Every structure is written in C-alpha cells, then in structure tokens.
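Pasting the structures in now, so scroll down.
In what comes next, chain A is part of two complexes: it sits with chain B in the first one and with chain C in the second one.
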Partner chain A sequence: MGYRLPCGVRFPTTLTPFSSPEADAALLPLQEDSLGALTVYVIPETSPLLPQGVGVYVGKHRSAVMRCPQGPGDVLAAVSARVQQIVQAMSFTTDSITAALSDRVPMDQLGTDTRRPFKSSLGYEITFSLLNPDPKSHDVHWDIEAAVSGYVQPFLDKLGSVANFSVDSQILYYAVLGVSPRFDKASSSFILSALSLPHVINPVEARLGSSATSLYPVLNFLLYVPERIHSPLYIQDKDGAAVGTNAFHSPRWGGIMVYNVDHPAPDKALLPLRVDVDMVRVMEVFLAQLRLLFGISQVPLPEEFLLESPGNKGLTDWELDRLLWTRTVENIATVSTTLTSLAQLLDKIGNIVIKDDVASEVYHAVASAQTAMLELASGHLGSAFQASKEAVISSERAFFDPSLLHLLYFPDDQKFPARDSLSV
Partner chain B sequence: LLFSCLVFLKGVGTVERKNLSEDQAEQFFRSGHTNNWAVLVCTSRFWFNYRHVANTLSVYRSVKRLGIPDSHIVLMLADDMACNPRNPKPATVFSHKNMELNVYGDDVEVDYRSYEVTVENFLRVLTGRIPPSTPRSKRLLSDDRSNILIYMTGHGGNGFLKFQDSEEITNVELADAFEQMWQKRRYNELLFIIDTCQGASMYERFYSPNIMALASSQVGEDSLSHQPDLGIGVHLMDRYTFYVLEFLEEIHPASQTNMNDLFQVCPRSLCVSTPGHRTDLFQRDPQNVLITDFFGSVRKVEITTETVALDPNLVGLETRVPNDEMATEPLKYAEQLPVAQIIHQKPKQKDWHPPGGFILGLWALIIMVFFKTYGIKHMKYIF
Partner chain C sequence: PHWVSGPEAEVQRMAWAVAAVLGLLLLLGSPGGCGGSPGPPRDSLREELLLSPLPSGDIAATFQFRARWDSELHREGVSHYRLFPKALGQLISKYLVRELHLSLTQGFWRTRTWGQPYLQAPAGAELWVWFQDSVTDVDKAWKELSNILSGIFCASLNFIDSTNTVTPTASFKPLGLANVTDHHLLRYAVLPREIVCTENLTPWKKLLPCSSKAGLAVLLKAERLFHTSYHSQAVHIRPICRDASCLSVSWELRQTLTVVFDTFSIGQGKRDWSLFKMFSRTVTEACPLASESKIYVDISSKTQENELLEVTPPPLSVHEASVQGDRRTYAVYDLLSPLLFNVSRSLNVQLKWKRPQDSLDLSTPVLHAQRYVSGYGLQTGEISTLIYNTHPYRAFPVILLETVPWYLRLYVHTLVITTKGKENKPSYIHYQPAQDRRRPHLLEMLIQLPANSVTKITIQFERALLKWTEYTPDPNHGFYVSPSVLSALVPSVLAMKAEDAEKSPLFTSLFPSADGSSYFVRLYTEPLLVNLPTPDFSMPYNVICLTCTVVAVCYGSFYNLLTRTFHVEEPSRGGLAKRLANIIRKVRGVPPL
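Coming up: the complex of A and B.
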C-alpha cells in the first residue's frame, strides 16, 4: 500500500467554488484506484475547499483531502502524523488485525465488535422475511424484488470479490414474536423492553426455514408488522428510551425491524387494511445492520474528520479495503492452523493414507498461502486476497476430506484391548 | 445523588437499578457464544433399552423447549421405540410411569436413525469429515462461537461406550475427536453429559480446552434405571436423566440458574450411583455459567442505532403501479364432501342377490346333520 502526496494541487478556477464531493469525483480519474491504494491530497491551510473546522475530508473512493497543518515546527512531521492518522482510519490498525485473529486470542481481551461479524466464509445466504401475524387486519405488500435489486444488490456486487451471495425472501403469516409487549400508558403504545429482546428470536427461527437448504452461513432480516391490537409497537433500549430505528440485530444472525402501520379511526377502517411498506426506510436499516454484521463498522475518528456517506452503494471503496485487509489476514491464519492441525494428525497416526487429490490440495494451499503473504508484503491487496481465498478453499477441502477420519486407520488404543485388560 | 433522587421519586428505581446491575452482570459473565448446537445420541437398540431412547428424547424436548431449533440439533436414535411392534401405545415414548409425559410429541426430527447411528458417523458429525452428499440436517455446522451440548446414553464400561451392540467408542477416540474440533475451532464451549454405567471414565481423557463434562456414575459404579411402567413392561428412564429432566422442567429461557445447580442434581441418595463432573478444562467458573448457555439458545442482541442514508431518486426503479385489484368474490373451497346430502338421504334400496356359496354350504351341512341324527325317514315329509 503506498501513498502519494501531490502537495498544493491547483484546481481549475470556476465561478462557483468546488465542494469536496465534487472535487473527489473530479480527481478520481487521476488516482491509482486499485484495491488497497490510498491517495491523500494536501491543500493549503486557507483553501475554501473544505468547510470551516474540518481538517480532513475522507471521500467515497480511495482518497482523502487534508489541510496542511499550520503552526510552528516541522511542517513535514505534522503532515506525516496526520497522514498516519488518515491511513489508519482508512486501511488497518494493529487492533483490527488482532481482531481478525480473534479465535486465537484469549477471550477476555476482545470486545463485542469481534463477535458480531460473520467469520470469513466463501458464501452467504441472505433472507428477507416479512412477518405478518395478523393477516385479518393487515394486507401487507412489499416490493422486495425492486428493493433488493435497487439497494441491496449494488452493495453485494461491491462485495462480490469477497464471497458469493444468494438472496431470497419470504412472507410468513401468523408468525408471532415470542414475547408479549407491555402497554405503556404514558405514550399509549406498546413497548418491547431491551431485556425481552433476546427471547424474541427463538420462536420465530424455527419457522424461517432458510437454513435448511444452504451450507453457507445465513443472515436473516425480519420485518415485523405488529398486530392491530398491539399497535403501535416500539422498542426501548436499556435506558428506557425509544429506539429511532425501531430495530435490533443479533451478532452473527441478522436483524429484526418493527414496522408500525397507521390505523385510521376504528369506525372508518375497512379490514383488512392495505399496507404498502416503505422499502426505502426499511432498507436503510437493513443495510446498516448488514454492514455491522460484515464487520464494516464506523471507525472512531478525530473530530476534524469529515466522512462522506457511502450513498446508495452502502459501502465506500476504502471500507471495502479495510474489510479485505482483515479478511486476508484471517484467511492466511486459518490456512496455517488448518494445515498445522492436519500435519499433527498425520504425525499421530502413522499409517494414514493420503489420497492424491488431498495431497494436491495441500500443495496448492501452501503455495497460495505463500503467494498471499508475498503479495501482502508488497501491498497488492487484490491479488493477496484472491490468493488467500484459494488457499482457504484448498485447505478446507483437504482437512475435511472424508477419508481422513482417524478412526479408519485403527488408532493405537484400539489395537490391543486384550493386553490392556490383562495388564489390569 | 441527584440521579438516585430522581429515580426514587419516579418510582421506577428498582427497575433501573436492576437494568444497571444486569448490564454489569452481562459484562462479567457473558460466555461469548452466539449460537447453540446440540448433539444427542442414543446408542442402544432393542426394546428393553427403551429407557435410553426416552433419556435422549427428554433431553431433546428440554433443549427444544428452551429455544434451540431443529436445524441446530443433531438427534441420533439407534432404534425406534415409538413405532416398535412391542409398544402398546404406538407413536409415544413415555418418561414417567403411568404414561404421564410423552416425550415423543408431534415434531420430533430424528437425523440419524437406526443403523445409521455408528461410531464412524458420530465421529464424522463431530469432526466435520462428512461426505459431500450429506444433507444439511445431518451436519454439525458449528463455528468458533458455538456452544455445543453433547449428550450420550447407552451401555458403557470403563473407558468405552457401546454402539448398537456391535461396536464401541473409546474415551481416547472421543478425546481425539474433541481435539480435532478444537483445532478447527468448531466450538466455543462444550458441555458433555453422559448417562451410562461407569460414565466418568469417558471424560477422563479429555485434553482440549473449554470442555465441561458431567457423568451419571463413577468408575466401578453402575447407573441404575428408574421406574418400570407395568403397562409398557420396561424401565422408562434412567435415574440420572430422570432427575435432570425434572430439573430442566423448572428452567425457562430467562432463568439465571447456573451449572453448580446442575452438579447437585441426583445425589447419591436418589441415584444410588455418584454423579461426577469435570471442570478443570473450562475457562469460566461454573458459578457463572448459565444453564441456558448450553441447553437454550438465548441470543445476544444489540439495538441498531445507525442507518445508511439512501437516495431513492438515484435508483432506476420503475415505480410499479399497484394493480387495483377488482373486488373479486372471496374464493371458497368446492364442496369436497357433500355432508348435507349424506345426512339427509334415504337408505339405499339394496338389490336382492341369491345366497352365496358359503350360505348354501352351511345350510346343506345343517340339513345333513339333522337327517343323520334323526334318520332318513323324515325326508319324505320335506319332499
């Protein structure tokens, strides 16, 4: 990963001043836009390009714009320090690499952030479910296909190099939550407190059904339209405040959002009430949960940083890079432990038979892992990630080959039962 | 101070303080798992081993009740008791005498049945070295954040457990399988429960971290069965699992009961054998391990606080005009069975048929016997 510092780039003067997003877009063709690359532009302290009080602007692609820090002393050192900050925010830090190796680190040193995202896997299945417990009152329609192709698919396409995704959706009728909500007189609405949320998922999970078909990890996103007698339904957090998104998620599982429906006055209501779900609102929440479940969380940044929002793609290029850095490291670590474990197994059982295809998978895994490490060292993120992925595929195939079951090779303890009982 | 005053005045003080302390409790004791799996194995066949199937099914029932779905349970039953020809009450498996509790229920999903329950398949499930054609329901797809409950029951001895009356699994093999699981990080924490004779010998050889083990009896002791049911004719449950089942019936998904209570289940006075447990490989203190960490599936949740800003105008969506469905008549099922007609119809006139061969033969026999007994002279009065 390299960074260039074209200091003092002059922008073409026009009558209207450029804004930072426009500048970002205009500069895009000038950059080396490959995976893992990062371009930092340093502009004069007094430039109007960045708003007041903002020291650094981080764009949607792989570039950042920073003001030359003013002040006495070594300007170059100050610039370098700030560039260091930017680089750490936009690519990786020691902490994020340690988190990628989380299953080899003792448990108490980790926070929830490491347990939330899914482990690196070759594919994921995403299921969107609409739960309608009260079809007599609500006739719910959601245009999920359009929403998926408009909002979710671009996000998944961007992550296409990371894994294969399959998306499906379903509508479940008469699926109730496991918990009865409490009625709160103060707000005349129904409340699900934070303590009862963990028990909501289990009764529904058995009916979701998607995990019966796929070997990949499944992410479930549920949209719950509460029953008429339990409307409106709000989720409260631990402090008793209502949650803005009315949604919650579970690490490594998925998310649930409660969608309240406006009911007209009882005497005018014509049941069932037709409900057209506002997919934009719903997808905003689901995409946020999807990002969290993939480990693309907001990085804590110093105050003067201004982050450009990722827009409809849901993911900025540099966030993708962050993910790829950690995933590559995770993959290489997994390959090394898998192959070490396999070697130990072979040492233990001397007469195990290694088939030719298992042997070739092992060779391929070792070669790919070495390539991945070389590519990482020279900063080529794209090829490093691909090599690490191939290494993982090969090593898993070798390790989990059905012919390697130790039982099949008469372990030592089973060879001499008569002798054992005689010696007792 | 001000906060506590306000809290006191509001009258919701206890709730808020409980929330705070629960929060703190969560910080200290959380186990770090995000999903739960269960592998429940019954290794005996034949009708007189009814109790082993009942043992396994009662653990299955508790685990399902506390939240683990079928997709996360691998249930292996070596024989079919519910539909066994010798079962006087088919489709049931009882755990309490007088047929009080049917643990078979309506939605039992058995993944490995009958002759599929072998040592090889069991080890394949644990280590993941499964042929690619195996369906998903027969796989243990756990990851490094899975807590797994493994329950085994059957006939065992010092260092082995008998499968199907024809093969055995040794404690060394089991320990090696767990080590293979650990090296591939196929579990976060593992709870191993075994209810057989000399059950403690099966966990002696474990050497992988994060394993807690319970057994129904020590080496040299037999695990005894509980009650026979005179109607069914066999012993219904083993003592240890019977008392574990009673203990688990008190647990609900939100309960805070910990493992120390499970260790106290079935003391020697009730069980005759001495249950044992092993916690030296386990990182956390059993006091802090909830029963629901293994038997249930209480998920950690987090509130979603952020959203992604989406701009619907950028999306090239054709706004599909929702079709205003014309008011159609509500659809009805066609009359499958014309009940009204059947009730009110008159009985059908049956056509007369001459008597069949059987009736004729019967009458011929009666007449011959009559004449044999009373003599042929009566014949002339007939004809």
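Coming up: the complex of A and C.
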C-alpha cells in the first residue's frame, strides 16, 4: 500500500467551485485505480472545495481530499500525521489484521466484534425467509424478487471478487419462535427481552433447512410477522428500551427482524388480513446486518472527517479493499493450519497413503501461499487475494480427498493373527 | 446455542445511512419499486383424503397434497419459493430433473383381496427419474441426486449405485409433459431391503406448507400410521400444462400417503370405522393456504344394495366418478365450506356397516400377478411369474419389467411363457445381461394376455458365490430380488369421459388417461428372498484357534522335553505331628502318610 501526495493541486478559480463529490469523480481518472492503493490529495487551507469545519473528505473510490493543516511548526510532519490518520481509517490496521487471525490464535483481549463476521469462504448462500406463524389471521405478501434485485444484488455484485453468492427466499408457515413473549402492561405490547433472544433461533432453524445442493455457509435473514394475539411485538435491549429497528442479528448466522402489522378494530376485521410488506424498511435493516456479518464495520472516525455515502452499491471501494486485506491474511492462515494438520496426521497414522494428485495439490497450495505472501509484501492486493484463494482451494482438496481414508481402518494388530496362521 | 451481540446502535446508524440511499432510489423509481412489475409466480395447494373400505373389511386411506407452481423452473432460474418447498425446487434446478418419483413403502398391497390400487408402490424404496435432455452426464447426476435425496428424506438411498440401477426402454414412460423420450435419460432403481419408519415420515411432512399444524396433515401421526398393514409415502414431481391450451408449463408436486388399516388389530374385529379410531385425531379446520381441501368417502356399496353402509355426519354433496372401469360414488366433505363445522367444531367421519359383510361379493380385479422362486438346493432355481387376466372377453397387452441382481445368473434360453397350455411369444423383448459387480439383469417384455387366462413366465437361474466381503452382515437372511413391474392399459367396461384435471378429484388424475375406454395400471409383484450359498464365517476364527493350539501344544511339549531336568528327592522323616498322625492312622487301619 502506498500513498502519493500531489501537494498543491490547483483548480481553475474562474469556474464555480466544485463540490467534493464532483471533485472526487473528476479526479478518478487520474488515479491508477489499483486495488489496495489509496490516493490522498492535499489542498490549501483556504480552499472552498471542502465545507467549513471539515478537514478531510473521504470519497467512495480510493481517494481522500485533505486540507493542509495550518499552524506553526513542521508542516510536513503535520501533514504526515493527518495522512496517517486517513490511512488508519481507510485501510487496514494492526488490530484489524490480528482480528482476522483471531480464530487461529487464542486472544482474550479482542472483543465480541471479532467473532461476528463469517469466516473466509469461497462462496456464501443468502436466504431470506418470511415466517408467518398465523396464516389464518395474516395473508402476508412480499415482493422479495424485486427487493433482492434492486437492493441486495448490487451489493453482492460489488463483492463478487471476494466470493460467489447465491440468493434465495422462502415463506414458512406455522413457524413459531421458541420463546413466548411477555405482555408489558405499560406499553400494552409484547416484549422479547434481550436475555431470551438466544433461545429464539434454535426451533426455527429446524424448519429453515440448509441448501441441499451446495456446501457453502448460509446466511439466514428472517422476517417474522407475529401472531395476531401476540401483536405488537417489540425487542428490548439490555437496558430495557425498545430497539428502534426491531431487529437483532446473531454472529456467523444471520439476522431476524420483527415486522408488526397494524390491526383494524376487531369488529371490522376480515380474516385473513392482507399484509404487503414494506420492503424498503426491511431491506435497510437486512443490508446493514449483511455488512456487519461480513465484517465491514464502521471504524470510528475522528471529527472533521466527512464520509461520502456509498450510493447504490452499499459499499465503497476502500471498504472492499479493507475486506480483501483481511481475507487474504485469513486465507493464508487457513492454508497453513490445514497443511500443518495434514502433516501431523501423517506422522501419527502411518497407514495413510498419499497419491500423486494429492501431493501435487499440496505442492500447489504451498506455492500459491508463498506467492500470496510475496505479493502482499509488495502491496499487490488483487494478485495476493487470487493466490490465497487458489491456495485455500488446493489445500482443502488435498485434506479432504477421500482416497486418504482407503487403508485407514486396517490397523496393524488385526493383521498379525491372520499372517501368523498363514505362515504356520 | 447462539450468542447475540448487540451493537444495535451501530445497526441503526448504518440503517439510517442506507435508508437515505434507498429512499433516494425509491424516489427515482428504481427497478421493481411499486406496481408495474409482474407478480411472483402463482402457486396453489390442494389437499385431499380418500377413504375407501376394501372388500376384505379393511379400510384404505389415501392422502394427497398437491402443490402447483406456475413457473418455468429451468428457464428462469427461479429461487424464490412460497408453497413449493425450497429443498425440492433447488434440486430440480440444479440437476435438470424433468420428473422425479420417489416412494417408500412398508408392506405389500394384496391386489386379490383388496382390489386394484390407485397407485401402488413396491416394498422398500423406489426412485425413478427422467432428466432433461440438456444433461451431459446422466449417471453422475443420478448418483448425486440419490445421495441428496437420501439426506433430505433420511433414507439410505445412497446405496443406489450401478449394481441396482437400470434404464428401462418401454416401461416408466413420463407421467407429465414430455416432448423428448430418449430412454437414456431415464434411471430406475429399487432398494427392496429399505425400511420405512418415523424418521422418513417427519421430513416428508416438513415439505408440506401447513406442516402438520392445520388441515388434513393433522391426522398424520406416526404412532397410528405405522400400525398398519400397508404404509406407502411418495413424492411425485412432474411438469404439467398450465391450462387447456398448454402453451406454458407448470410444476406439480404431489405428496401421497396410503395406509391400510387392519380390521383385527385396529378395529377389534368390528368393521365400523371412524377418523378418530384410525388416526386418534379429528379434523378441525382446513389448511388456510389450500385452495381446496376435501375428504372423499367411497360409498359405492351403499348404492348397490340399499342401506349397507352408513356414513355420519351426512355428507353435503355426493360425487360420482368412473374410476378404474367402475362407476363409484363418493360422499364429499368440503373443509373449506362454512356449513361443515356448523354443528360441531371437529369433523369425525364415521362408517357403519348395517349388514354383515359376507353378503358382499368380492369382485376380482382384472389384472393381478404373483411371483415366486422354486427349485431346491443352493445351486439353481427358477423364478416364476403368474399373471392373471380375469376380463371375460377382452385381451390386452402388458409390459413386464424384471430386474434381477447379477449374482443370480439368469439363463435366457430357459425363458418359457405359456398361456392356457400353449406357448405365448412376446411381441417385444429387451434383455440386457448382467455384468458381475457392475450391472443387474434387465428383462422387458410385451406380452399379450388372452381373455380369462393365466400366463406363466418361468426363467431358470444359477446362484453365484460372492467374495467374502460382499456378504451383508446377516447373509443367512437371504438376498432380495426387487419386485417386477407390470404396466398395462386395462380395458374398462364403462366408458370414462375425460374430465378437466383441475376440477376432478386428485385421485382420478394421477395417471394421464389416453382415452375413455381403458385406464392405466401399474402393478408390482412381491419381492423375492433368495438364499445364496454362504461360507462359514467363523472359519478364520476356528483356523486361528486351532493353529495356535497346535503350535502351543507342539512347542510346549518340545520345549519341555528339551529343557526339563530330573533330580532325585530324599523323602523327609517328617516332624512330630506326622508321626502322631501315622500312629492314629495305624490304629484306624488306614495307610500311613
């Protein structure tokens, strides 16, 4: 990763001043746009390009614009410190890399945030499920196809270089949560407290089913429409306040959102009530949860930083780069663990036969891992990630090859009686 | 157990950020905003229960759940499911399946005493699949499909491999829409040894949209369903015409479950039946997702002789249909009509016989068959199949499919088909000999059955000796030979008019009817149990014991001979106690110590 400083870029003063996003878009062709690189533009202190009070503008591609900090002392040192801040925010830090390795190395000081994102895998299945436990009262319809193609698919397309994604959805009827909610007189609504949330998922999961046709990990997003007798239903957090989005997520599993339906007065009610789910509200929450589950979390930015919104895709280029850095490191760690386990296994059990194709996979995995490390050292993120992916594929293929088990269950002590009786 | 982390505040912040973007999109009229876009494919669910009292006094209950999905699975790459279960939909899309039929059966349908079945299944597990013609490697797809199905249904279908899979050429034509019928796209396999139990019923029930919480599926309780003489559950997936013009294709999933309750074990000898007696449950409501939910009770014997059979509560309507060449009357209970539950909250259909039943004549079915093994010893044997055509004046052809495992070596030159004492030559024979450990025998014949006759088909075989690792853990139980399949278009006495498939009850639209003068029947014979010459598996143990004993005895005695030394021992005079004891012994007259 490198940063270049074309200091003192001048803009023509005769034109109307650019706004920051337009400047960002205009500067885009100037950059090399290489994966993993960051470009920081330093503009004079008095430039009107950035609004008042904003010291740094972080764009949605791989660039940032910062004001030259004024003040006495070494200007270059001040600029360098600010640039360091920007790099910490936009690219990886030591903490984020160690967090990626948290599965391999026991570390207690890292928080629960490190266990939230899914482990690096070659593909993911995303399933949206609508749970309707009371089809007699609610006739729920959701336009999930349009919602997925409009909101989720652009995000997944942006992440296409990281892994393969497949999205599907289903509607499950008579699927109840494992916990019966408490009635709260004060708000005359039903409450699911934070303590009971872990017990909600297990009974539902039996009905969700995993994909029959692929081995990729599954992210489940459930939309629960509570029964008529349990409406409205709110989720309470640890402090007792109702959660604004009425949703929660479980690390490395997915998210659940409760969608309350307005019921008209009982005498006017005609069962079942037709409910058309407001997909915008639902997709907001699910997309936010999806970002969290992939580990694309917001780094707390210092003041004076202005962040440009990622737009349709939901993900900025530098966030994608950050994800790729951590994924590459995680992949290399996985490869080394797998191959080490295989070697230890061979030491312990002498019976396993390694065929030639398995051996070539092992060699290929080692070579790819070494390539990945070299590329990482020189800062070529794209080729490093590809090499690490190939290394993972080869090492998994070598480790899980079925031919390793052929002669495994023929232990030595069973061979002796037969051999003895034959020799005599 | 899952743990839940709670950076809800962060989610909220994220959500507001995303909301701004999404709101913008909505304003700009992003794709699929509101209205305009075509709705998702429509799907519908119909459920039905048919109760038919059998001539022998038992009662058969057939459940059918049919989900129809108006979508072209293969072309659109659809992956959004509502009533059609996701697991099966994904399977169809990935393996390019055109038709799939899987059945798990326990027991045997006794055609002679019970009459012609609507849909019979062979004992054990049966799977036959038609693939699309765009599949490149059918065998690989077949293997992966059977493995995945064994996971979905908790059945050991992974034992299906090339030694029990065949490619029939004439039987098992597609039951749904088909434009290409290259028989290389068909695979058929039977596992006669497979047992059906609750573990297979539970995933089957999970595929139903209403699960077992509402509608007719409430009656499906495992402890009653397996206490029966015959239990068969099946899944049928096929493409059908969406409407009369047949311009587009819909997918149909039928889940059927047939059970036959035994008079003596359940009814305690009395032949009065009720839903509660059979299933220990009654029906309280229809499935809210079903567009049709009906119970049919066969009351044909009521109209033949008045007041023989009484059904309570009185049915709201009566349906007449000609099924399998017979005019039958059915009492209909429509669970979706509000009148049905006016009197009581739950529906318990009861059948009472007014008169003793031995006055009822048992009409023999037109076509039935029987198969057995004869011969003596463990070297040769003969398989005989008897096919009965009891139609008084019509002759019709029947296709017989036999699959015999490779270890029973058939001799085709000994194949003899006789009818009424004369030889009957089949008009079509397809024979594929077996390859040891790779392929079973396949014999398909088209035989003309004269009216009112018995046809006997015999073929001799020789039993092979297997390698010692190929025997099952209980080899003296025997080895199963899968049932043979008879497919025929049986001419019917009555002319049947072709009814619209959507309006007629489900049990009449199982098989596509070509014309009104005959109906399609597929029968299965009994599976055979054949003993193969089995070696004595305790021999290795015996050899080891004997060898080790001989070695030990020889070596031991030899070692003794070589190393034993003799030395003389002085007899000691003994102490005081000994001398005293000797004196007493002399007095008694006993020899001294």
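Quick note on the criterion: the second predicted complex is superposed on the first by the 386 of 424 C-alpha atoms of A that agree within 3 Å, B and C clash if a C-alpha of one lies under 4 Å from a C-alpha of the other, contacts with A are read in each partner's own complex, and residues count from 1 in each chain.
Here is the rule we go by: contacts are C-beta pairs under 8 Å (C-beta built on N, C-alpha and C of every residue); 3 or more make two chains touch, one makes a residue touch a chain.
Bear in mind that the values here come from a model prediction, so they are computed numbers and not experimental data.
Aligning the two structures on chain A places chain B and chain C in clashing positions. Residue contacts after overlaying the shared chain place A:S166 against chain C, while chain B stays out of touching range. Once the two complexes are laid over each other on the shared chain, residue contacts for A:G244 go to chain B and to chain C alike.
In the superposition on chain A, A:Y174 contacts chain C only, with no contact to chain B.
In the superposition on chain A, A:P48 makes contact with neither chain B nor chain C. By the touch criterion defined above, A:L215 reaches chain B but does not reach chain C. Once the two complexes are overlaid on the shared chain, A:T338 sits against chain B while remaining clear of chain C. In the superposed model, A:G123 lies in contact with neither chain B nor chain C.
Shared-chain residue A:L404: touches chain B; no touch with chain C.
By the touch criterion defined above, A:P272 lies against chain C but remains apart from chain B after alignment on the C-alpha atoms of chain A.
Shared interface residues of chain A, touching chain B in one complex and chain C in the other, are 112, 116, 143, 146, 150-151, 194, 197-199, 201-202, 211-213, 237-238, 243-245, 247-251, 253, 280, 283-285, 287-289, 291-292, 298, 309-312, 314. For chain B in complex with chain A, the residues that touch the partner chain are 12, 16, 19, 22-23, 32, 34-35, 67, 69-71, 119-120, 123-124, 127-131, 136-137, 139, 141, 143-145, 170, 172-173, 176, 180, 183-185, 253-254, 283, 297-312, 314-318, 320, 322. Across the interface of their complex, chain A is touched by residues 1-8, 10-15, 17-23, 25-26, 30-33, 37, 40, 79-83, 86-87, 90-91, 94, 148, 151-152, 206, 209-211, 213-214, 285, 288-289, 540, 543-544, 547-548, 551 of chain C.
By the touch criterion given at the top, residues 102-103, 107, 110, 112, 115-116, 119, 141, 143, 146, 150-151, 194-195, 197-203, 205-206, 211-215, 217, 235, 237-240, 243-245, 247-253, 255, 257, 276, 280, 283-285, 287-289, 291-292, 298, 309-312, 314, 337-338, 341, 344-345, 348, 399-402, 404-408, 411, 413-414 of chain A touch chain B in their complex.
Within the complex formed with chain C, the chain A residues making contact are 112-113, 116, 135-136, 143-151, 166-171, 173-174, 194, 197-199, 201-202, 207, 209, 211-213, 237-238, 243-245, 247-251, 253, 272, 280, 283-285, 287-289, 291-292, 297-298, 309-312, 314, 417-418, 420-421, 424.
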